[in-house]
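Each chain carries a letter (A, B, C and D) given by its place in the written order, and its residues are counted from 1.
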Amino acid sequence: MAFDSFSDWLAMGRHGVYVWTAWGVSLGLLALCVLLVRSEIRTVRRDLRRRIRRAAATNGGGQG
Amino acid sequence: MWAFFHKLGSPRWFYAIASRFEPWCWALALILIVVGSVWGLVFAPADYQQGNSFRIIYVHVPAAFLGQSIYIAMAVCGFVYMVWKIRVADMAAAMMAPLGAVMTFMALLSGSVWGKPTWGTWWQWDARLTSMLILLFLYIGVMVLRATFYRLESAARAAAILTMVGVVNIPIIKYSVEWWNTLHQPASFTITERPAMPVEMWLPLLIMVVGFYAFFAAFTLTRVRSEILRREQSKRWVQDMFREKC
Amino acid sequence: MRQEVRSLDPLDSPGLLRARSSGAGLGTALSATLKRDLLMVTRRPGDALTPLMFFAMVITLFPLGISPDADQLALIAPGILWVAALLAALLSLDGLFRTDHDDGTLEQLMLTPHPLPLLVIAKVAVHWLVTGVPLALLAPLLGLMLSLPEGSYLVLSASVALGSACISLIGAIGAALTVGLARGGMLLALIVLPLFMPVLIFGSGAIVAVIEGGAWLAHLAILGAFLCVALMLAPWAIAASLRVSLHD
Amino acid sequence: MSLSLEARQLACERDGRWLFRGLDLTLNAGDVMRIEGPNGSGKTTLLKVLCGQIVDVEGEVLWQGEPLRRVRSELLANLLYLGHGAGVKAHLSALENLRWYQAISGDQVSSRDCELALARVGLVGFEEVPAIQLSAGQQRRIALARLHLTPRLLWVLDEPFIAIDAEGVAALEQLLAEHARRGGAVLVTTHHALERIEGLRSLRLAGEVAAA
């Protein structure tokens, strides 16, 4: 453990603000990428499902 | 091997492969990045000169690696698309570009934040940061060019040409900027060289780098799957796949 | 009903048409394209003047913006001379293929049996002769206005001449990529400026080196190396880009 | 070896819809083929595919029996393609334009031939005038003068009759027929009836399937 206490870890020896901004932004960007990508695939699948259901409905549920 | 190469080219086959490997990549990325972060932030020793601000390296270096590797990967995909007309390669190049730009921006931001305690200023025109900035411009250029073409095939070919021209320029830009102003410490370590840091410092860095590459793989696989569904929605195999579900 | 023409009309050769083989007359095609484009410039001298005026005007902005003090200007002179020359060359790149594209001659140029990369070099050469060389000739005069030290004028124009050749070649790739797009001008700058940065670095570096008595020849040599690489690779990329823009 | 341009099972998809599919076409010496179809049915695209300008299509194009990919420069040496654009530089005179065309197509540059060609299309006295001062019809005639100027086996003409007056249309139809008689071949897209050309073959592009 490179730090004595939790508060010492937070302070990062007067460099805390830099370390936490850099890390915060970076991990934040990663998290944002994950959210965007997962929602992208979900919306694509939902639109596709709706399109197929609508196509099936208009053709009287034929070959769709 | 050739059959595999061409089968990889068919969107349907790639979709199946991607669906299978994707969850593993996400899991691997999550584990590695969490372990690397905790190790780097908590257990790794501080740098005797820079103190704890040194811990930013565990985010700055992986992002810088990703920024360059993704552009090279895009150029390779562009080449494969131009030569063998494998559409999945173009989809991959299109889908990974934003992540490359984000990673380059992340490297720039963490680099300049790291520069404040070390050099005393937010922005320093040092060789590596300047090369990163030019690389970000290259990413934006390719993405805007691809978005401007109305037809999909023209956009793919134009982007492939510009990316390949860009990738030829990356070493030129890197060394000319390097000559122009070298202030930054030499690259802390490349996979091949013996790292200048003690092992308990560069081991978490290695974990973070591998974690970022796993993230890149998972990100690309997921986005390419979405793109395949978007581009192949009129195809029968896509419709059959979704008809069973609804 | 056709116009009555003198009896012996070579074009009326009644003989059967024969298939021709390709490959003849590449030299005439290149020189004809070069001559035609130069003729176009003489017909519309305005096109050749705009980059020069732009270059001169941008240079005069800096003393107004920064300070008329000779020492300060001399310090930044190499850099702003080169940046202004680069932007002036970029300005005229958009029209490189666009005029030919609009009137259909670009399509005809691509339908000749001759290799497209070579024909493209003829067009880029004209662009360099019409913008690069005049910029290089004008640069010393503007250097004088920025109180650039005496000895550096020759190296200044040599570096601008060499550098603008690279800029014409690399920029032509962007021009070919954006020729089919309606508002390609801004996009052209966006995609080629990053590629110009190494040329800018060594171009202005040469002038700084000659002022400080350093190895200015090394910088020009590197610019020459960039030019050789560009001459080898750019024509193929330009030809491929033209095919993308025109035929997709 | 007499001229032969063949297309087998051509299929071209643009923006998700099929312009044409399963298209077979053979063009031999002496043929004049008109390609008709509503606007946007892919006429120009088909011409560009047959000239090898557009390559990402299914099916195969053969020139003199060889796949076009390998013999494209042979085709181009025997091809005269007049596209939508007149292909005339506005600030150059008719003569200068034609001299450039002669040079890039590898022929001997001679002003006399150019003047004769211009005379054949009714541009006597307009040789030195910058094209910008001519009417659209006259500018197109400069392009049509190339039909007289450079002897080529295969003519591919995209809407050549636009902005041409009735007398010019008649002269051009007669020229096409004469070209076919001399062993050449013509591929033309137009809405004109072209009744002066006997043995006219036509190909209708109606989107889905086309028969030659």
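Keep in mind that, in the parts below, contacts are C-beta pairs under 8 Å (C-beta built on N, C-alpha and C of every residue); 3 or more make two chains touch, one makes a residue touch a chain.
Just so it is clear, the model here is predicted, and its values are computed rather than measured.
J.: Report the chain ID whose CA centroid sits closest to the centroid of the full protein CA set.
T.: The most central chain here turns out to be C.
J.: Report the inter-centroid distance (CA atoms only) between subunit B and subunit C in whole Å.
T.: 34
J.: Go ahead and note the Å separation of the Cα centroids belonging to subunit A and subunit D.
T.: 56
J.: Taking each chain's centre as the mean position of its Cα atoms, how many Å separate subunit A from subunit C?
T.: The answer is 46 Å.
J.: Give, as an integer number of Å, the spacing between the C-alpha centres of subunit D and subunit C.
T.: 33
J.: Return the residues of subunit A touching two or more other chains; collapse runs of consecutive numbers into ranges.
T.: Correct list: empty.
J.: Give the residues of subunit C touching no fewer than two other chains, as numbers and ranges.
T.: Residues 248.
J.: Considering subunit B alone, which of its residues make contact with at least two other chains?
T.: 151, 153
J.: According to the definition already given, which pairs of chains are in contact?
T.: Between chains, contact exists in these pairs: A-B, B-C, B-D, C-D.
J.: Residues of subunit D touching subunit C in their complex?
T.: 1, 3, 48, 51, 53-56, 64, 73-74, 76-79, 81, 83-92, 96, 99-101, 103-107, 109, 113, 116-117, 119-120, 122, 124, 130, 148-149, 151-153, 167, 170-171, 174, 182-184
J.: Quick check on the complex: what are the subunit B residues that touch subunit D?
T.: Listed in rising order, the residues of subunit B that touch subunit D are 85, 151, 153, 234.
J.: Considering only the defined contacts, which subunit D positions touch subunit B in the complex?
T.: Result: residues 14-16, 56 of subunit D touch subunit B.
J.: Within their complex, state which residues of subunit C touch subunit B.
T.: My answer: residues 170, 173-174, 177-178, 180-181, 187, 190-195, 197-198, 201-202, 205, 222, 226, 233, 237, 240-241, 244-245, 248.
J.: Could you list, by residue number, the parts of subunit C that touch subunit D in their complex?
T.: 1-3, 5, 9-11, 13-26, 28-29, 31-33, 36, 39-40, 43-44, 102-105, 107-114, 119, 243, 246-248
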